[in-house]
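Structure provided below as structure tokens; questions to follow.
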Amino acid sequence: MQLTPKVKEILSWYESDNPGTKANLARILMEGKLGGTGRVVILPVDQGFEHGPARSFAPNPAAYDPRYLFELALEAGLNAYAAPLGMIEAGAATYAGAIPTILKVNSSNSLSTTKDQGVTGSVSDALRLGCSAIGFTIYPSSEYQFEMIEELREMAEEAKAAGLAVVVWSYPRGPMLDKTGETALDICAYAAHMAALIGAHIIKVKPPTSAISLEAAKSTYQKYPVEVNDPVARFRHVVQACFGGRRLVVFSGGEAKGMDDILAEVRSIHAAGGNGSIMGRNAFQRPKADALKLLNGIIDIYKAPVD
Amino acid sequence: MQLTPKVKEILSWYESDNPGTKANLARILMEGKLGGTGRVVILPVDQGFEHGPARSFAPNPAAYDPRYLFELALEAGLNAYAAPLGMIEAGAATYAGAIPTILKVNSSNSLSTTKDQGVTGSVSDALRLGCSAIGFTIYPSSEYQFEMIEELREMAEEAKAAGLAVVVWSYPRGPMLDKTGETALDICAYAAHMAALIGAHIIKVKPPTSAISLEAAKSTYQKYPVEVNDPVARFRHVVQACFGGRRLVVFSGGEAKGMDDILAEVRSIHAAGGNGSIMGRNAFQRPKADALKLLNGIIDIYKAPVD
Amino acid sequence: MQLTPKVKEILSWYESDNPGTKANLARILMEGKLGGTGRVVILPVDQGFEHGPARSFAPNPAAYDPRYLFELALEAGLNAYAAPLGMIEAGAATYAGAIPTILKVNSSNSLSTTKDQGVTGSVSDALRLGCSAIGFTIYPSSEYQFEMIEELREMAEEAKAAGLAVVVWSYPRGPMLDKTGETALDICAYAAHMAALIGAHIIKVKPPTSAISLEAAKSTYQKYPVEVNDPVARFRHVVQACFGGRRLVVFSGGEAKGMDDILAEVRSIHAAGGNGSIMGRNAFQRPKADALKLLNGIIDIYKAPVD
Amino acid sequence: MQLTPKVKEILSWYESDNPGTKANLARILMEGKLGGTGRVVILPVDQGFEHGPARSFAPNPAAYDPRYLFELALEAGLNAYAAPLGMIEAGAATYAGAIPTILKVNSSNSLSTTKDQGVTGSVSDALRLGCSAIGFTIYPSSEYQFEMIEELREMAEEAKAAGLAVVVWSYPRGPMLDKTGETALDICAYAAHMAALIGAHIIKVKPPTSAISLEAAKSTYQKYPVEVNDPVARFRHVVQACFGGRRLVVFSGGEAKGMDDILAEVRSIHAAGGNGSIMGRNAFQRPKADALKLLNGIIDIYKAPVD
Amino acid sequence: MQLTPKVKEILSWYESDNPGTKANLARILMEGKLGGTGRVVILPVDQGFEHGPARSFAPNPAAYDPRYLFELALEAGLNAYAAPLGMIEAGAATYAGAIPTILKVNSSNSLSTTKDQGVTGSVSDALRLGCSAIGFTIYPSSEYQFEMIEELREMAEEAKAAGLAVVVWSYPRGPMLDKTGETALDICAYAAHMAALIGAHIIKVKPPTSAISLEAAKSTYQKYPVEVNDPVARFRHVVQACFGGRRLVVFSGGEAKGMDDILAEVRSIHAAGGNGSIMGRNAFQRPKADALKLLNGIIDIYKAPVD
């Protein structure tokens, strides 16, 4: 497989990584309908942990079967499929080599009263299951943030040494942040930057809103303003926070919503130079035909060259 | 020993496991009167830890002697016997090869004021004692849930690498759950799904009631209703939460109760496609003849083909 | 040394242990005046940790010198001598091979405000010092109970693999137990049973009183009554809780008291089938001649066959 | 490269270190425009962690790109560049051998409500990235100070064994210190001395103010006065606290401020025998030309011999 | 070097230690002006950690330089010099083989609000620096006492295996003890006994006062009285608590005080059979000539045979 110039350029950003990790990044970047474009769409399915099985799969019961999710990602021509240990184990042999997988190695759940997570998979698991990357969520601002960061650090070091890529979900929450703060523009950029500093290869954050949350940051944003009411400008600010655009950054779709809203958001990410979307509930909770239609729509937007 | 098509099918669900683990799952599935049917009845005896010796064994003092429990499981033709370290050590040589054993590697007790558990056995112990599996209890929702989940993760990885199976008791309890919540249908399905996601081979939960407990889940169950007043529908919902029925799930018998109640429950589990029962106090607290009669009744139900 | 049938029978209870551990159990059981009877008297000296040096040794200052304690155990013809690291180190070479020693590997002290313990010795220490066993105290019901249980588990696994025996002091205390509860019959039997489940070879508990403490256990004891006012029945209940008498269980002498009271208690233990006594302050705080007289009296009772 | 007598003298202070560590110290001391003088200017860029990306880089957006920072340090002729993992990874191959790097291995952030830090890099990372040293921040007086000190101890031991140097940022903060206390003269000297005792090769503290904060220290400073109103005397006191000037000590520039203020401070450090400056925001937040002008001014002061 | 009979006798107390550890104890006991007498004077310099640099060294600024302290110990003919990592590193090569060193491996500081300590050195550090022993402080009665005891246990095991000696500073403090309690006679004897039980070779405690602090100990001291108003009797009681005088016990000098007071105290230690003094601030805060005069005076007292 000949890598495209765009993918070669992206790999050059990761100049300190070993060839194994670069190869796994290339596998993700070259896979599917967006293969070679430098854009990616990833299917993540850890909502069973986060929200429980019925809230995740009752709208489309076919998705209770882990094989459905592998097939959805494959059929839609996505770049990768991310899920916790049990769900990857349930299809890793059948779909070996068919689509890059990301082992989500920690998770929280709706029964928890703390803003912490449990580690539920390992780098060894990722290797024995043929995964291309591990995925890890941190909650910047949580009273457990340093424990999570240190767990991530250890696993990331082990993953990189083993030639895997590291995907970091950076979701701020904790005593300093109200609901608005969790997705405020400054916080979202800060969360993305922290993931980059910790050494993530692919950074996943939520779409930023127009709010500025951190008191100490307000004067900066007044002095050096971002067009907070323009979603493209907001996404561009987050991209900039990822080493001036030299780290892959993707945005989650969030709660299930209408196709038009999703595509509008994707257009903004695309225009801002974001690297793609990670689309869970909006994909697997729709009937398959609808999901494929939506994902195709998204892919078509990302395929277009930027003006 | 020729595996039955049913057992071969079940083993195919565990496609990522090594042959050692598959062999141990097969040993459990092919043992006893239900051997080959895909259904199992397991004798668990960790009540001495949970409730103390007199509350556990005074009703049938023969059971104070650990050999009695091995023999009860063997004589009844069960699939496996599960107990903590000391009880397995006390009979593992005498009954070596006679019946598959599951080393219960953590336990709580009635003298604890926290919803935590202590690890009391290891994978090395399971191997030296010839066990087929380790058993581990998690308390989803407890303030210690992530510690327990992470202990389980480590031990499960080690067990799988050593060719053992992993049985998870998933018993929700903690600050978010009142007594009703602990066995509510949504919580029970959630607990079963989490065990599947963590990578359990065999999942053990309590029979679900008709309650829906988690506020955030109520709208889902209204939109996608489960026939909560039909026990078969409830069990079926839990089976579905276990990867659409592609993980073995068994149900505990709970407090000692009348034979008719037990058999009625077993009939529902059978009809719902559940994989069996784990029957402790209802078995070993009865005089042996009564216990054998009850267990035979249960086995007869599970033996019958589903209509 | 030819083992007696009684000792052979006892070793048969420990069927899962390796020959090294069986040999060390045999060394303890075959030593001294009770050698071969299946009964044991052990001298424990960790009171310096628990109560401080003056409260322990001022009544008989010769005992400040660790050699005195080795000699007392040896001269009295006891089965073993148990003490913390420093005290064993201070005589292990001089008395090498003279009497089995038990390295007490954790201890609390009277200056602590928590119901926790510190680990002060290791299995490696026990091996280099030629000990036959490690001794470990757990406090069932303490808020630190699971930490202690898990420390014990790890050390017991290591000790068994190295051919050592494991002696567990099981002393309930914690927020659920008042002073009466700590030695109540149900609690004492529960504590002994837990030690057996954790895999102890020799269990040490305090003599049980007639109280029943745990609310949830009261109906059991009403339905299946124990003659709580008969000390023999009480000791027999504890023996039964130790796998129906298939684990060695010994009782502590507790606070210094009169010789008649001690001998009466020993007669009850003997009649109940208990395996012996662990006699600290009552032995080393008396002048040596008195101590030898008392210990001889105890040994004479244990030597007698049961009617 | 012939080491200067000054650098040889400095290396002699580190008489217990292995040749690998001495070589790395020499690399830092011999690099750039101050090479060989025994003075150093270091560019640290961990403000993205501490304050977020916009507050750090919006004033000079070129600095969002990690390559800019390597080039700034190189072009200005500094001695070393210090940054967290992700930023070093982003340029370590391109600038391999061009300028000594210090891997900042722990960091806090503005979203934290505790005075703790997370470890985000390792000695192995430093080695694979070709760094000359690790950098670690401790917060003396924080309720987490002993955890941080123990993490530092472990990493410093590993770093020294691997031939790396150890740079310690010693920034007092915690319940005993108000804002004034954090930079009080006695506290600053205490913080520097602690870093020396822990075994730091290069100590970084903030410029001390004239305040004396610790109640217990006031009588000492009355009896043995320091000219607290003379900045040179204050810096000299800190230098003395670093083993009488036998450890390298550098001072941070603190918040962005005017060029004149900075140069005045540098003149005092120089006169006091301090070993140099670590200059972050004052360097990278200025346009490059201004930054180079400032850094040249600083370097010129340090180059001058002391009267 | 021919060991004296006294030193041979002392080494015989440590009968379980390996030749390496005995050799290091012998090095300390045979060094300096008291070499061979069984008495020792040790210079400890960890006050920079405990009280900060100015409170420690401003009275005699020559002591800011770590080389001064090595020379003071050497010139005074002391038995050993004890200090934290950085201070030993700063002179270990220059003074290699000149005087036995004790690496103080944990320390607290005046900026801490908890009665805990940080580990700041390791057994590996002690070995690479040519030290004869490690030194460790425990705070019996602190809420962190078990953590400290367990850290000590681990390091002591490692040190003994590596042929090093173990010196324990046992300084009671915590919620049960007021200022008087910390140096009360019963508490001091208890602290010394605990250090002996944990396996210390050399025990360091503060001089005991006439107070009896622990409520539970008062009746013992009434029944078996110690002449609490006679300092010799008090020191003798502490010596007795150290295995009847079969462990080396030394006493700290405490706060700087007059020469006459110090010598009077030393005479009492000498008469009581204590093994010597550990003299920090009283030594290094005096001008060197005065310090040598004081230390010579102390040594002269210890040199005299006991009547």
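Things to note:
Order of writing sets the chain letters: A, B, C, D and E. Residues in each chain are counted from 1.
Going forward, contacts are C-beta pairs under 8 Å (C-beta built on N, C-alpha and C of every residue); 3 or more make two chains touch, one makes a residue touch a chain.
To keep track of the chains, here are their UniProt names: A, B, C, D, E = fructose-bisphosphate aldolase.
Model, not experiment: these values are computed from the prediction.
Steps from chain A to chain E, taking the shortest chain of touch contacts, total 2.
At the interface between chain C and chain E, two copies of one sequence, fewer than half of the residue numbers in use appear on both sides, so the contact is built from largely different positions.
Relative orientation of chain C and chain D, expressed as the C-alpha superposition rotation angle, is 145° to the nearest 5. Centre to centre, using the average C-alpha position, chain A and chain D are separated by 36 Å.
Rounded to whole angstrom units, the spacing between the C-alpha centres of chain B and chain E is 58.
The set of chain E residues touching two or more other chains is empty.
Taken as a graph of touching chains, this assembly forms a single closed ring in which every chain touches exactly two others.
A single ring links the chains, and its order as traced from chain D towards chain E is D, E, C, B, A. Contact residues on chain E toward chain D in their complex (touch as defined above): 48-49, 51-55, 58-59, 61, 64-66, 84-94, 107, 109-114, 116-122, 124-125, 128-129.
Those residues of chain C lying in contact with chain B across their complex are 13-17, 140-141, 143, 145-146, 149-150, 153, 157, 161, 172, 174-177, 186-187, 189-190, 192-194, 196-200, 214, 216-217, 220-221, 223-224, 226, 237, 240-241, 243-244, 246-247.
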